[in-house]
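Once you scroll down, you'll see the structures, which are given as structure tokens.
In the two complexes below, subunit A is the common chain; its partner is subunit B in one and subunit C in the other.
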Partner chain A sequence: MTVATLDTRTPMPHKSERGFFSLMAPGARRAFFYLFVIGVGFIIAFPVLWLVLTSLRPASGMFYVHRGTEFTLDNFFEVFENRIVIKAYINSAIIATLATVLSLGITVTSGYMLSRFRGPIASGWFSIIYVFRCVPYISWVLPLYILTQNLGVYDTYLGLLLPHIAVHICFFSWLMKGFFDGIDPSMEYAALIDGCTRWGAFVRVALPSAVPGLAALAVLCWLWTWNEFLFALLLTSHQTPVLTVVMAQFVHELGIEWNLMSATAVMALGPALLITFFGQKYVITGLKI
Partner chain B sequence: MAEVVLNQLVKSYGGMAAVRSIDLTIPDGAFAVLVGPSGCGKSTTLRMIAGLEEISGGTISIGGRVVNDLPPKDRDIAMVFQNYALYQHMTVYDNLAFGLRNRKESEARIAEKIAHAASILSIEPLMQRRPKQLSGGQQQRVALGRCIVRHPQVFLFDEPLSNLDAKLRAQMRIELKRLRERVPATSVYVTHDQVEAMTLGDIVVIMKDGLIQQVGTPLQVYNDPANLFVAGFIGAPAMNVFKGKLDAAGEKVMVEGVALSVGERNRAALRGHAGREVMVGIRPEHIALGSHGNQLEGSVDVIEQLGSEMHLDLKMGNAAFTVARVAPDAPIRLHEKVTVSIPAERLHFFDADSQQAIRPASLSGALAA
Partner chain C sequence: MLALIAPAAVTMALFQVVPIILGANASFRDWTLYDPKKTWVGLKHYIEVITDPAFFGLAIPNTLLFLVLSVSLSLTFGLGLALLLNRSFVGQSVVRTIVLLPLMVAPVIASIMMRWMFNDQFGIVNVVLEGVGLPPVAWLAYRWTTMMVIVLADVWLWTPWFAVLLLAGLQSLPKEPFEAAAIDAAGPWRVFRSLTLPMLRPVIVVCVVIRSIDAFRVFDQVWVISGGGPARTTEMFSIYAYVEAFQRMNFGKGSAAALVGGAVIVVFGLVLYRLLNRAVEVSK
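Showing the complex of A and B:
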């Protein structure tokens, strides 16, 4: 039978099975894979591990981290006693949270508009966001500095919140547009026919479907503001210290207090890790859309 | 229930016309199917009736009321979408209740209506599930249920079966027919599938390039296509079309060097075209093996055995192909010369330039009315 002859023939290797890796034994291939993953993981995690290590070392042992065996929590105690650091910690949390909450409403509606509407208003808004996104981030800073000075909001919550909200809108409207692009608009059409107004269809049908996207957005907004340095550096001073800026102030004319800076940085990592840990599920599903 | 009237309906996007002047009256309780190739404007027309698309010109009235400027929710319509468009974050029950709650009906009344619709569609066990946990067929039933519970004046269907596999599609088609008996309402159904159009429609509206090509009952559009496009679109396999030339008397037509009689029925209409070139159409199912009446000879190029029937691709003269549907056990071999007979009464004639059908006067009059 022809079928039998066909079966005895060696099958042609699949295209993707040819090449360097196919020559390895399956075990070696797996070992290679793990080695690669561990290597990359180490490269990414190394700075953080080094940071944690530094924060646990006394100031005197700073440059001998790799040799020393002496560990201490004194750095953390010292940082906790520093009222500026604590104030900055609280300020950062308040500003990140407020900026996220306040920008979310605008970002979501703006993303929805970019996704669903055509016409002069939508395309005008699109152009504005696009232009602001294209402008180098750093070039926003000087005008904002002058503006906040003139408006009398320099070094206040408001003075830092407003620019952050603006950035959120410009940068994350796109993200939200992406989420809504992934949601079938016919659901909203069905809602329109089922008795909803356009706004009703958005709030009652599109928005609930976008919850994973919203959560992802909130996480990203919060982390952005929490980690942001440039605006904070130029738009705040002693009245409203912010954690990232305070951290940088351990660099001064008498030297760099690496141990204290690291301890503060490790403290700053805490909430960010927490948010990322609980939010990553949404961020991943959200970005998948 | 209500009559739906489209009057010189136009839709253009920028300079592009998607729908170019459509006049159509769908009588109260009728099931009209808009059918045509993609981009013919059928979905746009439906969406304009629904109010999801703005109207560029003309009017739409439902039940004697012009609805041009009414939002969808005030048009008293219900729509089934191609991808079901169920509210993903709600249970099936809440999906069905959504429209009724918007109308502020009492929960007791809603439960009653949903129970009724659910029993018609046999979706009672699914009530607490979410759309994602349902199969395509079940989702489609729920989408139908969402329409039924509202008792709208008009049902709109936007290719509701095209996401289902072939077997399920045939099943749902039958269910839709059955549903019509139980829930009679004016319906507009959009599809690109001519089988759905023929089997479901009381009225079949064939569209192309934003224009209506023909409106008629399924039998009318099958038996008397208004032009070459309709002739080719309705029926599978498609109608065979040849170039032909009428003789001076308009009684015979020369096709591939063979003179065919035009038949009693067509003679009067063809008189005006005597001596001119025409397109001659014949449906595969009307071609029979044998040698009586009009005859054509060809060699068998391809045989498609379907079990219930056999399709023969015949090659005649200058690469003209003809498909004939014959009995599955006909003793035919590849490349064999066969003679087929073509009943003169089954021939269709079309103007070679305008591609419009050349039809007996009585018939064209009746259709226009």
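Showing the complex of A and C:
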């Protein structure tokens, strides 16, 4: 008996040559994988690509978008001539920026408090935040319509900003708690022992460490406010038109002019596209909390 | 300590607590926008809402159907995308960028896109259908096809969100169990079912809870795609309250509906929160 007969290794089946793929040329598995990946990417990107394509077609090309060869930028010029659209564009940008700055400013201390303090006040505040996070927007927005009119801020920046900030408080405090939970508090304790006040420890020690998280949340907050529809629909009117509302009205009023509709929507997509391509890192950090 | 939450608490009190009290007050009155009398009518609006077949018979079931379909489909596709992006391949960063795209798109714009793609005369979907020899469909003229378009818009919008969070979850899983499984020659399906899925459970539960609560209040997609039609058959809870308050000008009944629906979702949210805590504890 030789040693060779004691070899008990079982032959491992070669991974790329099993089942269906064993019938095909080597590398078929990889080719199918890439086809699949391209297919998935195409399906996800298709609605946006289609919208962009539609926006570049002349009005007469609406009936054969898929096989026309004429391209034009006239739709964009025509949209730019519409004063309401321009006004709405500017308003949306201003409101989104103000809402981001104010919401972050208000919620950062609340998130810090949730993360660092224990006791009935902290846990009570957390329950309030969770419950209000669940309340559907429509339950606030109907009475807010009355409230903003009584306060005289209906259809102004303030009338739209304050409800936005109030809604952000619940969710953002929750997210901010996550940021501060991820930051080791021992540095703050060291600062407190060295005679720093609690506020000083927060501003000088905890806040700088939270900046990456805050930047991520700022990007998302700006985008959410820019995209928001229901509040804008109910709390604004002709004085302060907002982009999402103007677009939704287009659909119902001049729904047949898809070329103009698409051009407006592509313009509204601008910031979203910029953020996707250049601010990805922030978006992913912001969502992961 | 209280000073830290004071600005947040004051804003919340003014623009969340006060509106709810105002809404509750309005829901007990005959509050129509053109009639200043505002007579106290007690529970009349609540009884109307609860007995209205369009509310518990249509709006709420529609909302729940939408919630279940949208959340389960985006979870499935999101998990698939996360598994795909968890492998390393050439061009992975391009796919990642594409996957993030829908997340940035406003629901209103996504709905406009869907409306255009499913347009009965010139929409690309019907062009493709005719191309393969099938009759075109008037997608937005029937209840179930409209519902399908609404769900599709929502799935397109939210699949990337699931993908990003589940990918982060996948990347934070320990390597050792997977190495052990590879040594034991476990197949990919077996690894997925017995290792990946149970270890990912806490993340999945958190995502599903957050998303379900948000899906319940869907408004934008329904409003732009169907406006609740055809003939109010795809009306969901938020649309119902809006239509009652602002189109039928019955502010009292609209407020009552908004509060009944709000109560339903808050109870639902508290139940889910307990579920969430338990799932996270089990995994520890």
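The rule is short, and it goes like this: the second predicted complex is superposed on the first by the 236 of 289 C-alpha atoms of A that agree within 3 Å, B and C clash if a C-alpha of one lies under 4 Å from a C-alpha of the other, contacts with A are read in each partner's own complex, and residues count from 1 in each chain.
Please note the rule applied: contacts are C-beta pairs under 8 Å (C-beta built on N, C-alpha and C of every residue); 3 or more make two chains touch, one makes a residue touch a chain.
From a predicted model like this one, the values you see are computed outputs, not experimental measurements.
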{"item": "Fit or clash - subunit C, subunit B, common subunit A", "value": "fit"}
{"item": "Touching partner for A:A166 - first (subunit B), second (subunit C), both, neither", "value": "second"}
{"item": "Touching partner for A:I95 - first (subunit B), second (subunit C), both, neither", "value": "neither"}
{"item": "Partner chain in contact with A:V205 - subunit B first, subunit C second, else both or neither", "value": "first"}
{"item": "Partner chain(s) touched by A:T107 [first = subunit B, second = subunit C, both, neither]", "value": "second"}
{"item": "Partner chain(s) touched by A:T276 [first = subunit B, second = subunit C, both, neither]", "value": "second"}
{"item": "Which of subunit B and subunit C A:V79 touches, first, second, both or neither", "value": "neither"}
{"item": "Touching partner for A:L214 - first (subunit B), second (subunit C), both, neither", "value": "neither"}
{"item": "Of subunit B and subunit C, the chain that contacts the larger number of subunit A residues", "value": "C"}
{"item": "First, second, both or neither for A:L56, with subunit B first and subunit C second", "value": "neither"}
{"item": "Minimum Cα separation, subunit C to subunit B, after superposition on A (Å)", "value": "15"}
{"item": "Interface residues of subunit A shared between complexes with subunit B and subunit C", "value": "none"}
{"item": "Residue ranges of subunit C touching subunit A (in the complex, touch as defined)", "value": "1-5, 7-9, 11-12, 14-16, 18-20, 22-23, 26, 81, 84, 89, 91, 94-110, 112-117, 119, 121-122, 124, 127, 156, 159-161, 164-165, 168, 213, 216-217, 219-220, 223-224, 227, 237-238, 241-242, 245-246, 251, 254-255, 258-259, 261-262, 265-266, 268-270, 273"}
{"item": "In the complex, subunit B residues that touch subunit A", "value": "50-52, 71-73, 75, 77-79, 81-83, 85-89, 98-99, 102-103, 146, 150"}
{"item": "In the complex with subunit B, residue positions of subunit A that touch it", "value": "184, 186-187, 189-197, 205, 208-209, 211"}
{"item": "Partner subunit C, residues of subunit A touching it in the complex", "value": "33-34, 37, 40-41, 44-45, 47-48, 50-51, 54, 62-66, 105-107, 109-110, 112-113, 117, 121-122, 125, 128, 130-144, 146-147, 162-163, 165-167, 169-170, 173, 223, 226-227, 229-230, 233-234, 244, 247-248, 251-252, 255, 258, 261-262, 265, 268-269, 272-273, 275-277, 280, 283-284, 287-288"}
